[in-house]
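Please go over the structures that come below.
In the two complexes below, chain A is the common chain; its partner is chain B in one and chain C in the other.
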Partner chain A sequence: MRVVVVGAGIIGACVARAAVVAGCEVVVLDRDQVGSGTTSRGEGNVLVSDKPPGPELDLALASRRRWQDLGDELGRDALELESKGGLVVATSQAALEPLSRLAAAQREVGVEVEAVTDPTHVEPFLTPEAAGAQWYPQDAQVQPVLAAAAVLADARRRGVQYRPGTEVAAARTGQDGRLRGVVTTSGEVIAADAVVNCAGTWGGVVGRRLGGEVPVLPRKGFVLVTEPLPPSVRHKVYSADYVANVAASTEGLETSCVVEGTRGGTILIGASRERVGFDRSMSPLTVQRLAAQAVALFPFLAGVQLLRVYRGFRPYCPDHLPVIGPDPRVAGLFHACGHEGAGIGLAPATGDLVAAHLTGLDPMLVAGVDPAPFLPERLLRIPEETS
Partner chain B sequence: MSTSTFRFDGTDIAFVPGQSVGAALVAAGRPSWRTTRHEGSPRGLFCGIGVCFDCLVTVDGFPNERACLVLAEAGQQVSTQEGSGHDR
Partner chain C sequence: MTAEDRRAHTRAHTRADLLVAGGGPAGLTAAATAASGGLSVVLVDSGHALGGQYWRHPPAGAQMSGTDGFHHDLTAYRSLVDTISGHAETGLVDLRLGHHAWTVRRDEDGIELHVVDRRRPGADRAVVLRGRRLLVASGAYDRQLPFPGWDLPGVYTAGALQALLKGGGVAAGRRVLVAGTGPFLLPVAVGLADAGVRVVGVHEANDPRRWLRHARAVAALPGKAVEGVEYAAALLRHRIPVRVRSTVVAAHGRERVEAVTVARLDRDGRLIEGTQQRIAVDAVGVGWGFTPQLELAVSLGCELIGSEDGNAVVDVDAWQRTSVPGVLAAGETTGIGGALLAGLEGRLAAEGLLREVGCGAPSVRLRPVRRAVARQRAFSRAMREAHPVPAGWPAWLDDETTICRCEEVRHRVVREAVASGASDGRQVKQLTRTGMGWCQGRICGFAVECLARGEVPGVAAPAPASERLVAAPLTLGALARLPSHEVE
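Right after this comes the complex of A and B.
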């Protein structure tokens, strides 16, 4: 089976690798190059802590195990895979109870988590005002562009063809209505038995061009970068409000900071979410709020310079679950996009799910995850057939 | 043209008004004023326009100032920055 993967972000890279391992012949297209979309605009989060029990957490747990496998196979340094652990901080007494309730529910479905009474033992520079925290040893991080490039390079060693600078314009459809490949913007036809839409935030557009639009929308997010410092933040540290914000559906600006050190010495401060379409403009107010929240968590940051700010678009579906699986309207079209701010963490298991869908194997067996909650059907109102 | 001086690692560096610290250092034949965090390699001006953060330097006790953007001022204390500039 010949498969065209549209998009060379972390999802496309993991889908391509899983598909070639499953025996498919794979071509990866990207209108730009590896990791040039949302993959390079985040922090490389591989988190289980921020997800309440449910399908996304199941996918995250399966994916966390697969990141470990990838680290073993490709080398942890090649991915900058760091099992640094996450500390979720209750900044007030009021936040303590909901946080420990969340932790208890997560523990029941296999998340490793333990309560920390004095979080400054875990993070010495944390504010002494913190009411308490939960420690999540499974939380990890990769350098997302390195990881996407390393996974794609491994896929290419296994025979995957990679074509950067190639944009999909339309579907090539057989007389039976089945997808037979894609037509590029330069008019080239690339034949395939299946096409996988891994276009991330642009998955809606690519889906439409291929005859199967999916409701994937952008949510703008900022990340602040400080000057390099000696190691001072050891883990992923965020306030418990982050969990509430990730799941929130409000239109306006939401900020709840995630603070972490990098191998390079800089400290990254995320993560805002704003629904402003594909508006890339700078928002000083957002930067200000993130910085203030970071200083509230780590008071020493008040005396530290910001070097720069970067931003990108998190692709989300209306129900905040990614869309993974065959399009019921267009035979041969598959989707794997809409992972919002969790795409790096969810990518390896997403690849496994897609490979199972492509080859007809049982996704539960291949990926260890129930595929049903992610299928495109839930998002589509399919016109009834008239006979 | 009038010139003034600032101190760089114990020597006087002349500059003309409006010149950046980085420009004055290069003009004085000092192409490097920082070492990298891991390898200790020398660094100076690269982009020269405030984007690359390669030319970081310690000015009046504050590390990580961009030499290409900081205007030279008489009596400034400029020093080579080693590593992050925060190492203790």
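Right after this comes the complex of A and C.
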């Protein structure tokens, strides 16, 4: 089976690798280069702590195990995989209760988590005013572009063809309506038995070009980068409001900061969430809020220089779950996009799910995850005669 | 409306008519012209004295012997500073020295320029300045190329040698060699020699005969030719040897630079093997032209175009207006062209605004200004074409040469990233961390772009201007304390 994967971000790279391992012949296209879209715009989070029990947490847990495997197979350094653990801090007594309730529910479904009464034992520079915290040893981090490049490089060693600078313009459809490949913007036809839409934030556009639009929308976020420092923040540290924000679906700006150190010595402070379309402009107010929250968590940051701010657009679906699986309208078209801010963490298991869908194997067996909640059907209003 | 009425009108509104980012020749001229026409102006500069790089001065009140001898056109400078000071006294000009613009935002009401007040060490203060329009006159900085030993103490940019002289009367060494390309190397060498430094050589990488193709552009500006002759005479007087098609390919030393290796270049800018020669120095200044400072313009989304020197520069119309309404640009941000052109462009920007708001004197005849701008632009284009970065420069690197000094990324690592398929600077950055440190790629960005592409960027495909939403570092504390809607 010949498969065209559209998009060489972390999702495309993991899908390509899983598909070639499953025996498919794979071509990866990207209009730009590996990891140049939203993959390069985040912190490289591989998190279980921020998800309440449900399908996304199931996918995250499966993926977390697969990141470990990838680290063993490709080398942890090649991915800059760090199992650093996450500390979710309740900044007030009021936040303590809901946080421990969430932790208890997560523990039920397999998340490792323990209550920490004095968080400054875990993070010495944390504000002494923290009311308490939960410790999540499974939370980890990769350098997302390196990881995407390493996974794709491994896929290429296994025979995957990679074609950067190649943009998909349209579908090539057979007389039976089945997808037979794609047509690029330069007019070239690339034949395939299946096409996987891994275009992330641009998954809606690529879906439309291939005749199967999916509702993927951008959600803007800023990340702050400080000057390089000696190691001073050891884990991923969140304020507990982050947990509430990720799930929130209200319009407008939400900030609740995540603070963490990197190998380079810089400290990353993320991330705001705004629904403002593809507006690329700088929002000083948003950046200021993130800075204020970070300084509240770690008072020493007040004297640290901000060197850089970057922003990106997370791909989100209306119900905040990714869309993974065959398109019911176009035979041969598959989607794997809309992972919002969790794409890095969810990528390996997403790859496994897609490989199962492509080859007809049992997704539960291959990926260890129930595929049903992610299927495109839930997002589509299918015309009555075909439904 | 009289100037007095205008001032009263301005005080009633918190929004200045014009924000000017940069107090060099372009910004100073624009601010003086606009204020003299009755517009309220906020003039922001990171330095402690007006003048920018060209008219760099010691901070007011600093005790030191005169640095006047290092300057050109001081009469023009003093007259502009007097004008600005006069308007500052009446409140028409809000002068903000020691303020660094760190970001910018635009909405329907105008421009918000976010600045950090750095006048008190250790007490950064973030301030928001509002205006109806913004002139980006942020100038340029030295463009550099790495070579083995370029990170040794005593290796400077050509511009830094001059800044030390102008800003503090400091000579960087006693035995100095100047290299790189462009007419700018000459005043640097002569300034050093005038300060008593032994300049052991000026090594110009290009052949001056490249100028012959642009005879008309040069003939139209006899002043430039006279200037050139003056520098030639000064070089001769100081017995400074000038070598063409020659450059520094390595610096040597233990604690600091003790010697450099120079080598000849062929007509295509490739090193001629066997011509290497070692010269003892205690300092060296190298300059490969300049890179315009485009952070504010890029953050605002101004359209850019390619320039002959491989830079992306801001695209402007006949009144220096960019593609973004309310945003203007003048000086080096629109193409490296020197102080005189910058001043003229600043003047045009301000005159255009005055006409737009109806308080200009349409009687001011701008035809001579436009003619002078056209001549200066033709000359600067000729200069950029005559002084390209040598195509063969990567041959000077060895495996262990540091490319990105902030993140300590070696040439070998960059080369491996390129071999693995990275074909532009951005991709190399994401794979190797070049340009991710303190300077955010200002030093190594052009070099990395050359290495990634395998060729030197030119007018058709310039090195892309990096997006830096934070144009200058500021502390998180200063940022956090910024009241959301503070207006000054």
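Please note the rule applied: the second predicted complex is superposed on the first by the 385 of 387 C-alpha atoms of A that agree within 3 Å, B and C clash if a C-alpha of one lies under 4 Å from a C-alpha of the other, contacts with A are read in each partner's own complex, and residues count from 1 in each chain.
In the analysis below, contacts are C-beta pairs under 8 Å (C-beta built on N, C-alpha and C of every residue); 3 or more make two chains touch, one makes a residue touch a chain.
Because the structure is predicted, anything quoted here is derived from the model rather than measured.
After superposition onto chain A, partners chain B and chain C are found to clash with each other.
Contacts of A:307 after superposition: both chain B and chain C are touched. A count of residues in chain A touched by chain B and by chain C gives the higher number to C. When the two structures are aligned on the shared chain, A:92 is found in touch with neither chain B nor chain C. Contacts of A:120 after superposition: neither chain B nor chain C is touched.
With both structures placed on the common chain, the touch criterion links A:228 to chain B and to chain C. When the two structures are aligned on the shared chain, A:264 is found in touch with chain B and with chain C. The single stretch of chain C with clashing C-alpha atoms against chain B, selected from 4-12, 22-30, 274-282 or 436-444, is 436-444. Comparing which residues of chain A touch chain B with which touch chain C, the overlap comprises 227-228, 264, 305, 307-308. Across the complex, chain C meets chain A through its residues 103-106, 112, 114, 128, 299, 301, 407, 420-424, 426-427, 430-431, 433, 436-438, 440, 468-470, 473-477, 479-480, 482, 484. Those residues of chain A lying in contact with chain C across their complex are 33-36, 40, 145-146, 149, 153, 162, 164, 224, 226-228, 264, 266, 269, 280-285, 287-288, 291-292, 294-295, 301-311.
Residues of chain A that touch chain B in their complex: 227-230, 264-265, 305, 307-308.
Listed in rising order, the residues of chain B touching chain A in the complex are 37, 53, 56, 63-64, 84-88.
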